[in-house]
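Both complexes shown next keep subunit A, but they swap its partner, so subunit B is in the first and subunit C is in the second.
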Partner chain A sequence: MNVVVTPTMLGQVIISGLLAGALYAVVALGLGLIFGVMRVINVAHGTILMLGAYVTFWWFQLLGINPYLSLLASMPLMFLLGALLQRGLVRRVVGAPELSSLLLTFGISIALVNVAQWQFTSDLRSVEYLTGSFIVGPFAFSKSRTIACAFAVAIAALAAWFLRRTKLGKAIRATSQNSEVALVCGVDVPRVHLYTFGLASALAAAGGSLVAVMVAIQPEMGGVYTFKSFLVIVLGGAGNFAGALLGGLLLGLVEQLSSLFLTTQVSEAVAYVLLVLVLLLRPTGLLGGRAS
Partner chain B sequence: MRRAFPALLGLALVLLALYPLVASGYGVRFMLQLFMWVALAQSWNLISGLTGYVSFGHVAFFGTGTYVAAILITKAAWHWGPASVAGGVGAAILALIIGWPCLRLKGPYFAIAMLGLSEVMRVLVSYFEGLTGGGSGISLPTLYASTQIYYAMFLAACAVTGAAYFIITSRFGLRLMTIREDEVAAEAMGIDTARYKLYAFLLSAFAPGVVGGLFARDQGYIEPVAVFPLLITITMIVMTLFGGKGTIWGPVLGAASLFVVEELVWARFLYLHQLLFGAIIVLVVLAMPRGVLGVLQQRYRLPRTI
Partner chain C sequence: MVTGRSGGLPRWLAVGCAAVLAATWGMGAWAGSAAAGEPIKLGASLSLTGTYASLGQNQHRGYQLCLKQVNEKGGVLGRKVDMVLYDDKSDPATGVRLYEKLITQDKVEVVLGPYSSAITEAVANITEKYKMPMVSPLAATTSIFKKGRKYAFMILAPAENYLEGLLDIGLKRGLKTLAIINEDTLFPKATVQGTLELAKKKGMQVVFVEAYPKGNTDFSAILTKVRAANPDLLAAATYFDDAVAITRQMKELDVNPKIYGLTVGGDLPKFYELLGKNAEYVYGATQWEPDLPYPGAREFTEAHRKEFPGADLSYHTAAGYAGCQLLVEAMRRAGTTDGDKLRDALLKIDTKTMFGPYKVDQDGYQVAKGGVLFQWQDGKKVMVFPEDVAAGKPRFPTPPWNQR
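For the complex of A and B:
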């Protein structure tokens, strides 16, 4: 492929990368929170995202109301589901070797995917809402992606405020830094775990509701987002808020930039090489942070 | 029991070797797949059961084997036997390239890197269409060789289990298990951990490559999504875990019992079998993380090398 890259094209690609990246950041933030607080690798994170996307689909299909308002339904619903999963199952593997949490959450994931296939069928669904783009000068901003990005930034800011300013948020951060010391200082660690899993699932659901307007919805759509979230938290450092944002934007940029020269498929391979390099050279993420 | 064991084992092997003479086509295919799972579970056991490094993308080696063998069979007209061995070599080369940097990663990071590897292999195989047929896969020329492949899979399963026996009862195995228990202590005792981890990793990648090649020949058609799914990795892990990881016979027991269960469940609950498999995984992880043999070992003072 011989492509001549003009500055306009490059600018366009950077815009698309940043728009996609903000969304990755919100989803990955949840995964990073769970990993940071509980040391659990949640393979079911993308599955929760998928369920969030279905909430939006049915919301729009049955009620016909603006799909972005479905965030008000998908986030609380997935918060509850996450809290339930944590209370019922995940709680038992906190502190166990990583193999237990990987397998357990994978088991949850295929069970949920199977339920979705059974209840919603495997048909591709879509939310036909916003199409077309805002045109600014030579650049096009896809409407659905721009709005998704705006929501993602707002939700991330809200989550950041929550973690910094509220008592529960502070307890979550304290547990993430050192759960034993947090326990000694009077933090109710099991309760923190419960809320963390709920909050993280709500963030995944937000991602799901936002991508629902952009891509086809089907029960197996979550796997890709789980993988991308891993990439983001490795790039940015787990449990590190600014890191997740940086990692998300970086992943979005790398994907879009490499898709300029290669196909989208190979851009995933580029992201993997980046992942291994970062793991080897900066295992605590690009912004540093706590070593595990 | 201890004296009767070699005789019983010999009898079982003879019976299995004679089985194709009396079995139906379905029976042969069933046992052939069972052997495949024994070999896969046992291979995973070699790296993850012994060193504790969780290979969460072991299917990458299986898939690489299927593609190397399928390409050699279709493009270079190789016989499926040598082609499958070449699949194993291909998988081991991949393991060398990946293992050298990635085995330095600790705990969850190694698992994530391996998960990434299997995803990326699928993507790369889909990308190089000229060689691999891309998303539409490779069709192999028709060949009726179920019985020969049965024996090849049988041999592979025996060979990996034999290898597990020799490793677990040797100093090499002890070194690997020392790494699992405490890597820093192992290093302090003078064990070249990087080298032994890499050896174990290469050994554990070779057999999945070989059985991958045999699988490709047996199926006659392969495509990226079917030979690189995370589900295959998970199945290997759950089988090993159920039987008892780090033991010689655990993966054999786990693979045989779960494969039989899966066949029965698959036949009866076609639509919900993933839900049931998910439930089995959750049960194994929560209720018996040490596996059947691990529990027996604890309760009845069985030897460590079981």
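For the complex of A and C:
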């Protein structure tokens, strides 16, 4: 059964889609960086997002202050965790066939999820901080989603500035383009890998902290974000910064629009159909990142 | 085994090993035949993690409390009861694997059911195959028990009638239109089916029905459509996370039905903890509440508080507890753990437990227990339907969000 779609409804849904999409973009950015720089498929990306969400939860639970400030805790903490994982484990599969990194990160993901289940229990957690919306004309902007979007945009801008302007950022981009030439040019490639993984984990953690105020937190929440990040990367083009942004927004819009015009049951399927179409028609992604 | 000088084991060692193995296997087989005093192994899988975790854990505590009390009083048939429990992660396929394992490898003598209609339906095929009666305390979908199965026993009031009270309350106050959204899984779909049929019978017009996938967190589009349809009454057939998310997002999108009710999830104390004032006026279906006048309900609530201080108590706990009690009672009456004799006992029992009435028909389908409706008022769940257990009147209509 369906209702007649009015322009207001369409506008509302587009807004929701863009808000969600910005968040997907920031999380996918990290995944794209790792793949672009190291050719590693990081299945544990969503798991790190989950840990970031828990940092925010405990921050709010124990300190009681603004959970958005917990970004200052979750991002550095997960940066460190990411760096540790990279140095200890992921480093060993760089250069190995992609299946190795897939298996390794899958194992890391399972281990981390189980540690979380053991330490935090599977009880649903939630950060009750913001409810309601900003009403602008006929449109409702969910407060938590709008602020999450604002932070996501700010963080993405910061990441963009970092990659363009700083020496380390340029080294990362160089390694992403061609790691052999970068090595020959004097880039410390192993160090770049370390920082990239740490940075990507920090971005995932940021996503987790922002999402913690919106959804139920539980140890297995990460999986869906890993999937969506992959979708975004394929849509936008792997290793391509602007591609991740575009892909994220596109995914958010596609989900909401298909939910509006078709049914919500089908909206997940539509995203995957889109994925298949892109892979068939434009396998390097919409903004043509490096050939996968 | 290779024996002899050219590598491998010397002959005496090989024979010795074989003899020891044979002896231990023999002893194991002899000890395995349930001698009196050997604990009865009771098997189950529960949703301890995954989307149904909150509810599965409550059910777990129900099982645990029941067995603790049973064992304290000396067990059943002179034997203690040991529970062998696995986590099915809220996934039906995993549950199927686990029950197969429980019955064939762990060799449990009796089983209890898992959480949710979806998992119970999947698992019932296994217990039916091995002719093991399964008391299914947390499955409310009629179809599970009307497929010609002989070894499944229903405890809950059927899903199809969950929201009857909601419709009645609305109709009595002149409401005319209904919208339903539901999780796209077995039990919510059964509720929706039943509610749609009831609505047709009672003359309420259905303006919008849509399902969303399990695990969905963003309800903006579906709620935008609900808002456009402008129903007097909104029913949501949910579990827990989605119930919380939908309620929250209704506030964000300013969706204001005059009556808003949930099937599952609204009754957990955690629902109010998470939503606070935003949970006010929400109606919920429940199978049981601690202050209902059933025999032993108060003692159960007290015992639960002592055994699990601070733990969430919901009808899932109570149903688990009652289901376990019924199985134990059946074992007592049958005098054995034999599948067919237990089945006969379970078909004949006609009683009132702390959970409410229990009586099943020839298919194991529950015919005595009915559902109850409550509304969150000032942080408390007040029974508003049916009239014989109602403790208060519904606060009607639910005021719009911006007037609260």
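By our rule, the second predicted complex is superposed on the first by the 287 of 292 C-alpha atoms of A that agree within 3 Å, B and C clash if a C-alpha of one lies under 4 Å from a C-alpha of the other, contacts with A are read in each partner's own complex, and residues count from 1 in each chain.
As a convention for this text, a residue touches a chain if its C-beta (ideal position, glycine included) is under 8 Å from a C-beta of that chain, and two chains touch if they have at least 3 such contacts.
Keep in mind that what you see is a predicted model, and the values were worked out from it rather than measured.
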Q. Between subunit B and subunit C, positioned on subunit A by superposition, is the outcome a clash or a fit?
A. clash
Q.
Between subunit B and subunit C, whom does A:V93 touch in the aligned arrangement: first, second, both, or neither?
A. first
Q) If you stack the two complexes on chain A, which partner ends up touching A:Q119: first (subunit B), second (subunit C), both, or neither? A) neither
Q: Answer with first, second, both or neither: which of subunit B and subunit C does A:S109 touch in the superposed model?
A: first
Q.
Just checking: does A:I41 make contact with subunit B only, subunit C only, both, or neither of them? Give me first, second, both or neither.
A. first
Q. What is the contact status of A:T6 with respect to subunit B (first) and subunit C (second): first, second, both, or neither?
A. second
Q: Check the residue A:V276 against both partner chains and state whether it touches subunit B (first), subunit C (second), both, or neither.
A: first
Q. Of the two partner chains, subunit B (first) and subunit C (second), which one does A:T263 touch, if any: first, second, both, or neither?
A. both
Q. Looking at subunit B, which part out of 7-15, 43-51 or 133-141 clashes with subunit C after superposition?
A. 133-141
Q. Which residues of subunit A are in contact with subunit B in one complex and with subunit C in the other?
A. 117, 263, 265, 268
Q | Interface residues, subunit A side, partner subunit B - complex | A | 35, 39, 41, 89, 92-93, 96-100, 102-104, 106-115, 117-118, 223, 227, 230-231, 234, 263, 265-266, 268-269, 272, 275-276, 279-280, 283, 292
Q.
Using the touch definition from the top, list the residues of subunit C that touch subunit A in their complex.
A. 48-50, 53-54, 57, 184, 206-213, 215-222, 224-225, 228-229, 240-241, 244-245, 248-249, 251-254, 270, 274-276, 278, 401
**Q.** Residues of subunit A touching subunit C in the complex
**A.** 1-6, 9, 12-13, 16, 20, 117, 122-124, 126, 128, 131-133, 135, 140, 142-143, 145, 214-216, 218-220, 224, 255-257, 259-260, 263-265, 267-268
Q) Hey, which residues of subunit B end up touching subunit A in the complex? A) 48, 52, 54, 56, 101-102, 104-109, 111-113, 115-117, 119-120, 123-124, 126-127, 230-231, 234, 237-238, 241, 271-275, 277-282, 284-286, 289
